[in-house]
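Below you'll find the structures, each written out as structure tokens.
In what comes next, chain A is part of two complexes: it sits with chain B in the first one and with chain C in the second one.
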Partner chain A sequence: MAHAEHAHHITPFRTLLGVFLGLVFLTILTVTTSRLDLGVLDVPVALAIALGKAALVVVFFMALKWDNRVNGVVLALGVLFVSIFLVFTLFDTAFRGDTSNVDEVTIKDAEAELAAPAGDADHGESAPAADH
Partner chain B sequence: MSTAKAAHPKLQHHFVSMEQQFDASKFGMWLFLVTEILLFSGMFVAYTVYRVWHPEVFEALSTALDWRLGGVNTLVLLASSFTVALSIHHIQNDNQRAMVINILLTILFAGVFMFIKYLEYSGKFSHGVFPGEAYAPFGDHYGHYADVPYAPQFFSIYFVMTGIHGVHVLIGMGVFAWIAIKGSQGLFSSEYYTPVELTGLYWHLVDIIWIFLFPLLYLI
Partner chain C sequence: MSVATATPQATSGKTTYLNHDKSIRSWLLTLDHKRIGLLYLSTIVVVFLAAGILALLVRIELLAPGRTIVDAQTYNQFFSLHGILMVFLVIVPSVPAILGNFIMPLHIGAIDVAFPRLNLASYYIFMVGGVLVVIAMVVGQIDTGWTFYTPYSSRLGAPVIFMTLAVFIAGFSSILTGMNFIVTIHKMRAPGLTWNRLPLFVWSIYATSIVQVLATPVIGITMLLLLLEKTLGIGIFDPAMGGDPILFQHFFWFYSHPAVYIMILPAFGIISELMGVFSRQEVMGYKFVALSSVAIAFLGFLVWGHHMFVSGQSTVSSVVFSLITYLIGIPTGVKVINWVGTMYKGSVSLKTPMLYALSFLFLFTIGGLTGVMLGVLGVDVHLHDTYFVVAHFHYVMMGGTIVALIGGLYYWWPKITGKLYNETLGRIGCLLVFVGFNTTFFTQFVLGSQGMPRRYYDYAEKYADLHALSTYGSWILAVGLFVALYTFIQSLMRGAPAPANPWGGASLEWTHTTSPPSPHNFEEQPIVTHGPYDYHHFYAGDGQSVEAELASRSEA
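Up next is the complex of A and B:
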């Protein structure tokens, strides 16, 4: 509350208009890049542009740039917990079936062997049964 | 700023000054916004899990949604965020009339957004594309999705995410309507515009949610 007496920051019209035009430009950019075939870069590029747009809105429209620092800390904590939520869920779902398997071959290898011609099926069948 | 003058009628007794009251309200609003982020994050995580499991399905189905409608809706929501920011800019300069006009423009843009959303939903419903068990697509554009595995999950995620987002837009429209009425009666000034500021923050967050929904569902 060190600055409790100061007047509120008034964001100039030109700044707001510039941010809006920037957001429109980034929207056109994300549509354009999505229509090119960037291969594996498709998703990262789209997410990077979306993050840039979100940052513009937060910093200028929501005026976090000139706001009390505590509000930025609240937002940062929220983003942190969303990251934890997402990453730790993916630790489970993205590697499901492999982590608790103590067999010599991974489940995925075993599945590939099962799918392969029947001659080699002995070894492959035991692996999925050992898990879960 | 206001402490030296006589107490503002909107100053509640448990606050020292209008400034402190404003800061406390805004802090509370940011805490609420974080709970909103966490609400939507559950759906974004569900989206991510299904996408990691079945990337080819999600990539193929993004073409099932019309990127032109989604793109126009993105521009409309960005414009509405711009008018909200302008309304706060104007009330900080004690221009009540310009504030109300920008709030009304915001409600108009939100209405356009919901109308396009209505067109999208009704187009899908009329071809049997429903969320959950009722999913039974037929017809020109949607029929060939009937046998695509995990297409029902994609459409369920689409309906739930855009649906809950749409409810937030409707709630925002309602609150802005109240602000437009109160603003035209002269309730707000540079001394007291907390409801405009807080609803503006809410509206910008709803905009940010859509900024992520648009590429994830319509583009990639």
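Up next is the complex of A and C:
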């Protein structure tokens, strides 16, 4: 590559300081949110803040901003494919166990209930079709 | 290496990459992409033979119900060995490592790949991986099938981790080859060779390389997690420690589904070349064919869950994965339609490579369409783990990739060896492969739809006739493959010298190099002024038939 020997970009002190303060702020934010009960959002919020911090470090401290654009694309692609893997896998684990009527009355049970004289016939009939 | 001793008469007196240095050392330490391609070829042919014999043994065992030749335990190991060898050591590396290495630099007018030393290192890393795979199989007595599913495989423990390591080392060779090819295609194209003039084979190798670099590391991560679980007792896949066995399938298929495209995309590239040259027409919809490779490469990362419909994966995921799987049908259909369109009103010449290309078209279309059927959630629940699936992926992997590879070998054989082969024998081999393949595997579609589960040692009496038919088919297929092998060996021994451009191709390997090429490929820097399928650029199409033109060329 012809421009492989290009001079290192010198990041101004003010920028570095700004990024540092940003990182400190985000750390405080992490600690604060960890004490709040955000319910389902607990992990996503923590991950989002961590992602922001990582981005600051990579873009400014590791000077990706002033680097060859291809390196940015490569990083972005890597992050994209990791996210694809995580999102789809979590999509499975989050909804695991919703497999139609496994928690419901099985057809055999329903038949037994129907056959039983004192059985709750109404419940027995609707159970096999109880798909949500 | 018999190849080394074959001095082509066509270029008698001329220095070629085959005769400029004949020592064993010059072969084993070569940095020449052409020789490295041949190293891969010889290795992969040996593994293919071994895995093929295992397949024949599996089929013989299944010839009749009950014990036929081996016990159940041995049978389990046989089909596992067959699958692991074929997938990881034959089909994954085959086309990129053999023809990608040999042809791609010639296609782009380069003197070699970008990193020749890395290229040689890739070969030896592949060899290390291959040896470890064999050790793991033999010592560990792996009988899990090629997918190593937990919890079935975690029962075996160490051997499976060892095997994952071996597969990852072999895969690492793919990563390095992929990186090498990406840089080569970006940086080393001849002047005038724009992205729009790239032969479609190069496009497909490019798309494959990207998948190799992005997907293969996941197998390494999986191995690391298995190792952590085993040594530190962290529950990852083992439910007894709070792990999730289905997670293993997520990891496995996040690599292995894209790996399916590592296996089939380069084959698409070969078929595009063959369709163009032997129809004497520009490949229809060049840009669509090129970009559909990239689209398939990307979409291939979003569908892995279609292997897990009955694993206990959430229904929501299954529905999403099923829908995205349908999308793959679009770019794949684009390719098939464009190949058929390329032949339309062309002067189709039914030489052996073209017969393999037509076989591919037929077999791959069946394989692809049954793939869509299996992607349908409701249908898959019934067909999952039956012979229908076995038939489907053999139609894609064997009927697709291997058939395309053989077609490509016939096509580039005169360039690689400087020898012509016996056309009649080649055609007979192709016919036997086609008939044998369909007898073996179409039968299995029927078996599967009737409920015959895959991997079973024994089966009910009602399946006996179809199983026997499938086994007879495997013998025809084997004979066909041996006829093909014989054609190549006979050509090496007694083949007539090949002209530089026996097929009248318009890409650089035909127009600008001798057969076989000189050690440095091109006598001078080629300058590209037209597309790879602009045959009219050379041949005015003055009413002379292709057959006559080809005949005059091979006499020349």
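The rule we apply is simple: the second predicted complex is superposed on the first by the 77 of 132 C-alpha atoms of A that agree within 3 Å, B and C clash if a C-alpha of one lies under 4 Å from a C-alpha of the other, contacts with A are read in each partner's own complex, and residues count from 1 in each chain.
As a working rule, a residue touches a chain if its C-beta (ideal position, glycine included) is under 8 Å from a C-beta of that chain, and two chains touch if they have at least 3 such contacts.
Please read these numbers as outputs of a predicted model, since none were measured by experiment.
Enquirer: Which partner, once the models are overlaid, touches more of chain A's residues, chain C or chain B?
Expert: Partner with more touched residues of chain A: B.
Enquirer: In the overlay, answer first, second, both or neither for which of chain B and chain C A:Phe81 touches.
Expert: So A:Phe81 meets both chain B and chain C here.
Enquirer: Is A:Thr11 contacted by the first partner chain B, the second partner chain C, both or neither?
Expert: The answer is first: A:Thr11 touches chain B but not chain C.
Enquirer: Which of the two partners, first being chain B and second being chain C, lies in contact with A:Leu41: first, second, both, or neither?
Expert: Neither partner.
Enquirer: Determine, under the contact definition given at the top, whether A:Leu23 touches first (chain B), second (chain C), both, or neither.
Expert: After superposition on chain A, A:Leu23 lies in contact with chain B alone.
Enquirer: Based on the superposed arrangement, let me know which partner A:Ala94 touches: chain B (first), chain C (second), both, or neither?
Expert: both
Enquirer: Of all the chain A residues, which ones make contact with chain B and with chain C?
Expert: In chain A, positions 77-78, 81, 85, 89, 93-94 sit in both the chain B and chain C interfaces.
Enquirer: Which stretch or stretches of chain B touch chain A in the complex?
Expert: Touch list, chain B to chain A: 1, 3, 16-17, 19-20, 22-23, 26-27, 30-31, 33-34, 37-38, 41-42, 44-45, 48-49, 52-53, 59, 67, 71, 74-75, 78-79, 81-82, 84-86, 89, 92-93, 190, 200-201, 204-205, 207-208, 211-212, 214-216, 219-220.
Enquirer: Quick check on the complex: what are the chain A residues that touch chain B?
Expert: 1, 4-8, 10-13, 16-17, 19-20, 23-24, 27, 30-31, 34, 42-43, 46-47, 49-50, 53-54, 57-58, 60-62, 67-68, 70-71, 74-75, 77-79, 81-82, 85-86, 89-90, 93-94
Enquirer: Please name which positions on chain C make contact with chain A in the complex.
Expert: Per the stated touch rule, the residues are 214, 218, 244, 246-247, 250, 254, 301-302, 304-305, 312-317, 320-321.
Enquirer: Chain C touches which residues of chain A in the complex?
Expert: Spelled out, the residues of chain A in touch with chain C are 77-78, 81, 84-85, 88-89, 91-100.
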